[in-house]
């Protein structure tokens, strides 16, 4: 029995193991789609019943999978407190908690169901690469995020000085000016806030010329470390 | 006769072949422009007659070209089911189908006329490079598209959680939040939807810092593989 | 006399030549600023008189400079039809033409005064680099511009198909859809036109993933050839 | 006494020195946050009192630190006129000046408190890298800024010509057209001004194709020089 389960849940390349992996992946995607559909307003009661049934079915399977993984683990505590152990636990927790919880905190709880997506990391090469890439470049990313945040803060203070009097509703404080900095220096530019004074516009010009280069760096680091992670051979797939 | 036609339709560098190629390219561009003009509202009846005549003329020539290419092909089935054989067929199909079809499905059918643009690939170096580049990087592009789509989905769920209560009309479900994710993480930023809560704005900031790097990768892969495809020598031009 | 003038207008590194070069550069910038101020609405009559006087003074000096350059040239026709010869001529032409011209075409004529900016290329290292870079990468830029334009056209046709019925005022024809393509694929995203149908938004997503990479290439070529042009040593500065 | 202070304010790696450095950094961040909160409208009087007390405390400590640094310096004038000497002075100046100054100029004076952020450069590796990177690439950045500014000016003149008649309120002069150039060529695209004429839109298209490449260069230089500055070993940290 234990050998059979071990053969099933471990990615050893056997036919059964592969089929089981595809089945779990299918359930993850299914439960994520179910989750998305549930957020649609004006769902008919019948649809809600179907969605809840699918959700319950997924959770039952995920629970059995979780128990099986604990059962076959060489060191049970080691698995339970490993990355995938915690993810597997968090993926089913919201469902069981939802019975004993009042409605207000249910909203956040439902969001926790998204942790299921991380279960995909176990099977999905692309996701695993992404996780590796972020781990690899962590230190550099933090360093440049500090610079980026400082520059964004500096831009916010500047624009606050120039625009506060002309547009007190949009640039009411440095905190609301920060929103302008973020949207502008990433070149998203929604157009909900923008400078209208001459001084503010000239300041924006110089901040853009310098700032675009700075904000581009964390972007570049993530890009290149992700590309590197994909090209490097993996130990086991 | 067969030798003459062969000499004509094949790109063997002869004077006749070159002239024929320019003629066909001219017709393709002409028919694409005709197609664009047809979409203009409030066209006068005379103009419509002229446009239809040009279209009919182009289709006749394309049909003759298609038949000639089948006629001179060493292996007729091989040509018919090759990339260019299918494109040549699809380029004339909508015209002939339009006689036996009701008006409702005509709209989509007319769009199929655009397949004519792909006929240009045969003659146009730039288009051929683009096709090669996409084929070359196909695997990598798919891998990163998965990561990109996951990140966009993740951003949509996050912003849905933060903004749904404050702006139920714009962030009514995860599906409508996806539109925000796409527009924001590509930095297009139309400004039709944007977060207004403090939580949503902080979340946007961090998604932008991480997400811009991820979304930039498929872009970068296409760029670099296209540049590579252009620099490499071609077998025949 | 000829030797003195030659010494003056040629960039031979002598003190007089340098002073003259700075003087001409100052006049170019001055006349460009004058030109910009003239476009301001509601100028007082006194200001207009001053601006016209400055303009007349600049043109007189530029004319004398032009004549001197012809006078000292080894081969007069060669100078007159060289790049700088033509620029020097176009820089003064609008002023003299404006006496015999009716008011309607004056607007375009005034714009021609901007050719003066190109006179700066002679003195300004940065401008010269830019001109060189564009010349160097001309062939590649044209190749990729064709691909870019085709992709933009393709996106316009697609969005026209999806959005024409829902927003006939913004996507009235393929030509008006082209504006959307340009603004979206360059990620400018003004927000004056954007898709509202589900089909149009999904199409936008895929066009962005592919299109951003394509549109980025001409940008990249200009960037890299400009950077190369700056790093390479110049023959004479 | 002098030896003790020297040991304290100099970054010699001793335990006391480290603690002191962390304390000063904490005060800088605290005073910057205080500064940001002060800009919030509708603060309660009690909050204002607390903020003013924190500000006074920070300034007292910064003043003591400044005096200590002068006291222990080998060459007092050299320290006072060094980068950090001036920054330390400017960081406390606004507070003392605010006693003898009327309310109107107080606004700008308050902004000067931000110079405190530069005090962080002494302790923060990321900030120091940024300062080095800017110093390194100064010459190149200036060269390309000139090209960028010229291109932005050229775009402004062109769009003024095309759009001035159609939208005199947005493109009233070349100076107001410059704002459009900046927002468009950096791809921010707020959407407050955009061309509506066919000519203006075609012009925008070509300016974008060329301009994006040019504007991307200062960005790229800052990115790469910042990345280089981080990878190079520092003399002392």
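Think of it as A, B, C and D in the order they're written, each chain with its own count starting at 1.
Please note the rule applied: a residue touches a chain if its C-beta (ideal position, glycine included) is under 8 Å from a C-beta of that chain, and two chains touch if they have at least 3 such contacts.
Just so we're on the same page, UniProt names per chain: A, B, C, D = Ion transporter.
For clarity, every value in this text was computed on a predicted model and none was experimentally measured.
**Student:** Chain A-chain B contact: same residues or different, taking over half shared as same?
**Tutor:** different
**Student:** By mean C-alpha position, what chain is farthest away from chain A?
**Tutor:** C
**Student:** Please pick, from A-C, B-D or A-D, the pair whose interface repeats that of C-D, with more than half of the contact pairs identical by residue number.
**Tutor:** A-D
**Student:** Which integer distance in Å separates the CA centroid of chain B from that of chain D?
**Tutor:** 45
**Student:** As a quick test, compute the distance in whole Å between the mean CA positions of chain B and chain C.
**Tutor:** 32
**Student:** By residue number and range, which residues of chain A touch two or more other chains?
**Tutor:** Residues 187-191, 220 of chain A each touch two or more of the other chains.
**Student:** Using the touch rule from the top, collect the residues of chain D that touch chain B in their complex.
**Tutor:** By the definition above, chain D touches chain B via 187, 189-191.
**Student:** Taking the touch rule as given, give the residues of chain A at its contact with chain D in the complex, in rising order.
**Tutor:** Its residues touching chain D are 140, 143-144, 146-147, 150, 153-154, 157, 160-161, 164, 168, 172-175, 184, 187-191, 194, 201, 204-205, 208-210, 212-214, 216-217, 220.
**Student:** Going by the contact rule set out above, which residues of chain A touch chain B in the complex?
**Tutor:** 32, 35-36, 39-41, 107-108, 111, 114, 117, 124-127, 129-130, 145, 148, 179, 182-183, 186-192, 215, 218-223, 226-227, 230
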